[in-house]
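There are two complexes below, and they share subunit A, which is joined by subunit B in the first and by subunit C in the second.
Let's turn to the complex of A and B:
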């Protein structure tokens, strides 16, 4: 009897919560959509400092120049390595298509060989340049593949009100999502004022790892909310196994970028 | 003698008190027994040993350096067919979900869920009752998160959840065709894709897949071997060194998955160090349970044959069992767990301890038979035997104690507790048996003497045989010495052929699954054990191992290692760079190498950095397996088609020699890995046991000098021991039995037990001579009394170790054989050599005496 009573109470609680949401604020999916479609400029150039820290706390540091330009729903990007000196001018270029059936194109330029190579890889759940970020972390996930629900609708995170949203892959798309992201589940802390993702927790299937994301040093650059520092910490059984920090500087949005920037010839020319 | 008088008085005056004391002590010890712990660690060396420290460092510095279970799948034609690939895919997923959660863990969680906060109670209940899958760990994290956000402690639940978390992820990584990326290069395009995503449905698709996999040198002998007929799946385990039990549990799960959950037509072979060590722990446990009744049976049988009387069986048996209980009780008291070697304690204590009991009991019966009353018989027995029993037990204890002079903790405990057991058995024999004989009714006296008559006819014949045998030796002292000398020289030659080798996989019987699987992997795949070549440089250069100059040396070493016997696979940074260089150049064979100088300056070093960046960028995650982040140290894992420490030692030697010859001064090679630890352990065992042998020989000599008060006698007593030891080693040399943890301790055992024969024999002979008997009657009496006892003892102890023949572990079987054989050799060499040597000594002494004062030749009647 007691059990039944609790279940009834829970049901009432749940349904009232549910209806209450119907009247008040946005749904979880709307919050995520707003986050996903947040203004991020048509073009972006930054200098990025990438710090990779292994479990023995040894650091590796790389300097990268990023250039990105939107072509409608598609995106083109190019990366030049500035340092360490032995990889200077190594360049990586990618064309990402909104059309999921189209495989992304990427090219790599190795200055020591003076050769551009085309690269084909379906694996987006792999590490981005040896960091804790995956390509899907950097390029964004396909939010339509996920179901989102609120865990809490008002949590203070570093002084700001946030929505805490849980994302689970849609049942029928689970395999696809796993292949693309490697994630079983995500929880995101999204700021209410500007819909920025400021904190995240990602459950990685392979190796039972949990990754913790943090965006900090958040300010408006060219009138666009920008996190100048991103951290991703990978843990296993509660212990840090590896972490990565991306620090952005010389951030500029919406400057005019020539289409010729995204060509193999530009890769060969270097910076 | 003061001591025997003291014992006699104690026994006559307080027999009941003595019995009560010993029994109470035994009951006390028996009560402690449930607290006996097991320490099944497969590591013979302590964690502080250099090789273990290096192994721990290796695992700290590089990924992928943990012990792995390897499954070899062998198809009829090729593994690249739809059914096999599907099976591999399913198996891979199943292996990733291997866990160590037990019913006990479930019950604990269920119990805790009843008092848990409402918001997690049902989730905990579900967890405890539910099926464990690839997301269970995530659900635990969810519950933990809720608990951590609430102010109340719930420490107990959190702890239980952490235990679950730990037990859910014993597998670090599974590597198989189903989850590995292949890097291919063709037509100016690099492709980094899983080996297969969807299983190809057409013949052409499968053929292409097979071609792609076989084109990758890095996969050879691992993901494909025997031209695609077989493939391996590697499960890297993240278990602590002492988790033998868990290794076994995982092995069982792997077996269950392979045989029952994901069955198929392919033949499966499961091997690897975790399998061997895990199963070894289990098998040893089983073996003890198996051997215990066998040794009891043998002891009972030999007691029955000797005494043909219930009392004769049960009194000595009872005594050794109580001695065993007390020894084990003492282990509990000192918090010493049973380990893989001390599990053989029962066999040793029963076989060795029963000897004293036999001596006491048979002397008592002999006395009874010759017409003494009960009390007189007991008194006479103790008078005769107290000192020999004490001396023989002490020498045995000392020899076993010498075994403990090693860093191998298992041997240390073994040596200490066998010697304690020997002393305890001695005390029982001296106090408990006589006290029991005082108290027990002595009935069926007639029947006994009838039996005796029958028995004594046999015994007389047996003694006569021994006497005539001795006569042959004594009558031809020169020939006997000559033959013995020849045997000794041949033995030394044989002993020089003894090889030091330990092979864990060969601990198992030849028809056991583990033996067969290990051999199969050693034959048809990369192998079953791993040694790591660690290369470091003290060059001041930044990231020195991106410099092709340095990599050239590493590549040469790798190429050299590939040519060595028993090497199945060489991995490492240079192999990876070769592959990247190769695919980047459209798989042109000319580029299947570490890039050489492009131009002067840093060009090539940059190219290597860029190739590695390309690899990382393509999602490659093996760099941390092979190099530290500063490129100052490299790890070259070498997979070996052997588990023999001798093979591994030879390889290490060759590698070091190559490096010394070819490497520049700033490059250094070290060897590490579990294979290296096994070499170090074998070295430690053998050098330790050689030292123990020398020390125990020395100690025994001192004790003999003390006993006989004459150096010549003490030296003579040592001769049969040295002879037996060299024959023991020569048997090993001629039959190719390697010196390892089992065979290395045999010498100390020979000394410990064999010296007893010398003592018994010589002390009686000396006593007889001192009493003034002439040499031949003194010898005659000695052979009839002590000679007979020695042969019986050799049979009893030798038979006791026959129990080891029934072991399911090869080294124990070999040890059983060797001990049985050496006990008999020891008895024979005592009977043959001591009288001959005494003749030489006595002749000289006689000559001296003759010069001074002629010896009185009094004929004493033989003592009956």
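Let's turn to the complex of A and C:
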């Protein structure tokens, strides 16, 4: 159970897609908003390989099956853990509501207990399955809680033009943002052609750490821009303490997924 | 090691907890004080960031391509097999009972065969042999019957699971059906019996015992329904004579003989029924349960005297349960409520031996009295601290129309507290579990830690303390059973 208490649906980072469009002088907030609202399909299924690497380069590997479906502005998702053996058949399900007044609903199925239980998932600053990604990294942050400014409006990143945007929590929301994300500040590299987040830096209050993010293997899948590999590295005093890689395969958008997939009974049945 | 007497120094419970909690909370804080770099925290110069990537690229040593090829799972496999091998050792360290109390290799295997998209068969089984019984010659005592605790070989799950359209599904065979919102108490979780042989030592994962059952489930929007028939009634597993945790240890005497338990047979007339309706809504779930099942705990029937010895047999009564269970999530808290009305529960009388000794005719000897009970529980889980989970549950069992001759109090209380801290990117878990019984009736405290050496191999260790100063406490006979344990587990 310990590995799985706070987990959520892998969707925002790797379902990023946006048809390239022209723009004229967007503000930093508009750039972030375009990044946040990119097309990501009505449904998604994918296999995910999570690799956790500690400072001694020892690796731990998790295999995950991820299924997501949009219900209008709301989203339902379910994750099945395929390996390692001690978490096999564990499942996590969430209903994410667009209505800000509603908290997300989350359930966890623990095969060892054969029990589905609801879980509280408000704290999004916790580690996602022991990785360097947090709940808020995976689910996405509330962009309206932040002030954004351009650091540079045109920087080449792996051959592509990017905006470099600094994000700081709004003064009146600083404590709330800190509780939800754990971050004091972010810097993001956002590609100009498709508004994908390709690089990032995150200042973490707890432990005084800095995290570096990189999206790579970016390509169109079913006509949707998708990053197939995400890396997050945690550093302390400039030295790497831990890093995590999410690698996606068998990505399929807009397939038919029946509603019975997102039920507690399905969590018990497994894949 | 082993001379701590928690029962005589209850404040040690609090001290141990405080030290444990402080250590768990301080871990990241200590790291900060040892190596904080506050300059980095206020840095916002992207030039420095660029330099960081180019001169000391934090991503440069991450090459996962080979790993990817090796480790992507085959999703379409029809046949899956897995399991684990575990070596578990326990040592009783109390000065009055110092010995090797467990040395158990255990093999667990589970398989799954997917017949098609909608149907699959699952089977799992385990085998173990506790060598400490031979080493300590524990089962050499006359009359001891410890085979079930010493060794086991058999099926756990064995069922066919089917999905019929978008609404219905069935599961037929030996299975575990876990109901209720409490993690610990058995209030509306009425289908499966439990393993009560080693209180405090048995992991929650191993507590429920599978039974042969038929389960039909249906989903309609936010409602789900389960109808269950149960065809096997083994009762909860209890320790026998000679065990450290002998269930009837208070009754053992040269003039009392307690036979092996007599469980209901699996005939049609003994079929049990259980029904649950659950409604999921934003922020919570609520379930309504009705069941007609056998009590998981036995009562003793009096068989009469034989050669001057009073003979009793553990049997199981049928009970009716109506219950409600709910959980509500708010912020970082999960609030849990559970209550059940139980009808016709056979409760042991405390005047049985006196009545027998007084020469009352055997036909007039009553060992039990049927009473109705209300069991209620409230609890909360809090996850607002990073990598720390706190869980608290308080249970009240109220016996209606209580009489002085009953062996239970009119109101019995049980309190459960658990704290779990994850460290080192969830490779190390520290846990504290504390069960607090009626005031003065005793406590069980368990401290444990599990370290993942690598994905497949973990090592766990811990200590369990039993505190029961009150002679009338159910725990009192076990007050000297304090344990230290270590477990090595390899999963495959």
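Keep this in mind: the second predicted complex is superposed on the first by the 246 of 271 C-alpha atoms of A that agree within 3 Å, B and C clash if a C-alpha of one lies under 4 Å from a C-alpha of the other, contacts with A are read in each partner's own complex, and residues count from 1 in each chain.
Here, a contact is a pair of C-beta atoms (placed from the backbone, for glycine too) under 8 Å apart; a residue touches a chain by one contact, two chains touch by 3 or more.
Worth saying up front: this structure is predicted, and the values here are computed from it rather than measured.
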Touched partner set for A:218, first subunit B, second subunit C, both or neither: neither
Which partner reaches more residues of subunit A (counting touched residues only), subunit B or subunit C: C
First, second, both or neither for A:185, with subunit B first and subunit C second: both
Which superposed partner A:143 touches (first subunit B, second subunit C, both, neither): neither
Subunit B versus subunit C as contact partner of A:121, first or second or both or neither: both
First, second, both or neither for A:90, with subunit B first and subunit C second: first
Touching partner for A:51 - first (subunit B), second (subunit C), both, neither: second
Partner chain in contact with A:108 - subunit B first, subunit C second, else both or neither: first
Contacts of A:81 with subunit B and subunit C, given as first, second, both or neither: first
Which superposed partner A:129 touches (first subunit B, second subunit C, both, neither): both
Residues of subunit A that lie at the interface with subunit B and also at the interface with subunit C: 6, 52, 54, 58-60, 84, 86, 110, 112-113, 115, 117-123, 126-127, 129-130, 184-185, 203, 205-208, 210, 236-238
Contacting residues of subunit A [partner subunit B, same complex]: 6, 52, 54, 56, 58-60, 81, 84, 86-87, 90, 92, 108, 110-113, 115, 117-123, 126-127, 129-130, 179, 184-185, 203, 205-208, 210, 236-238
Subunit A residues touching subunit C - in the complex, by the definition given at the top: 2-3, 5-6, 47, 49, 51-54, 57-61, 63, 65, 82-86, 88, 95, 97, 102-103, 105-106, 110, 112-115, 117-123, 125-127, 129-132, 151-152, 164, 166, 182, 184-185, 187, 199, 201, 203, 205-208, 210, 212, 214, 229, 231, 233, 235-238, 240, 242-243, 245, 247, 249-250, 258-260, 263-265, 269-271
Sites on subunit C touched by subunit A in the complex: 28, 31-32, 35-38, 40-41, 43-44, 46, 49, 52-53, 56, 58-59, 61-62, 64, 67-68, 71-73, 75, 82-84, 112, 161, 163, 166-167, 169, 175-178, 181, 183, 204-205, 208, 217, 219, 224, 278, 280, 282-285, 327, 329-334, 381-384, 386-387, 389, 420, 422, 424-427, 429, 450, 452, 454-456, 458, 489, 491-492
List of subunit B residues in touch with subunit A within their complex: 60-61, 96, 118, 134-135, 137-138, 141, 162, 165-166, 168-169, 172-173, 181, 188-194, 197, 543, 546, 584, 598, 602-607, 609-611, 613-614, 616-619, 621, 623-624, 628-630
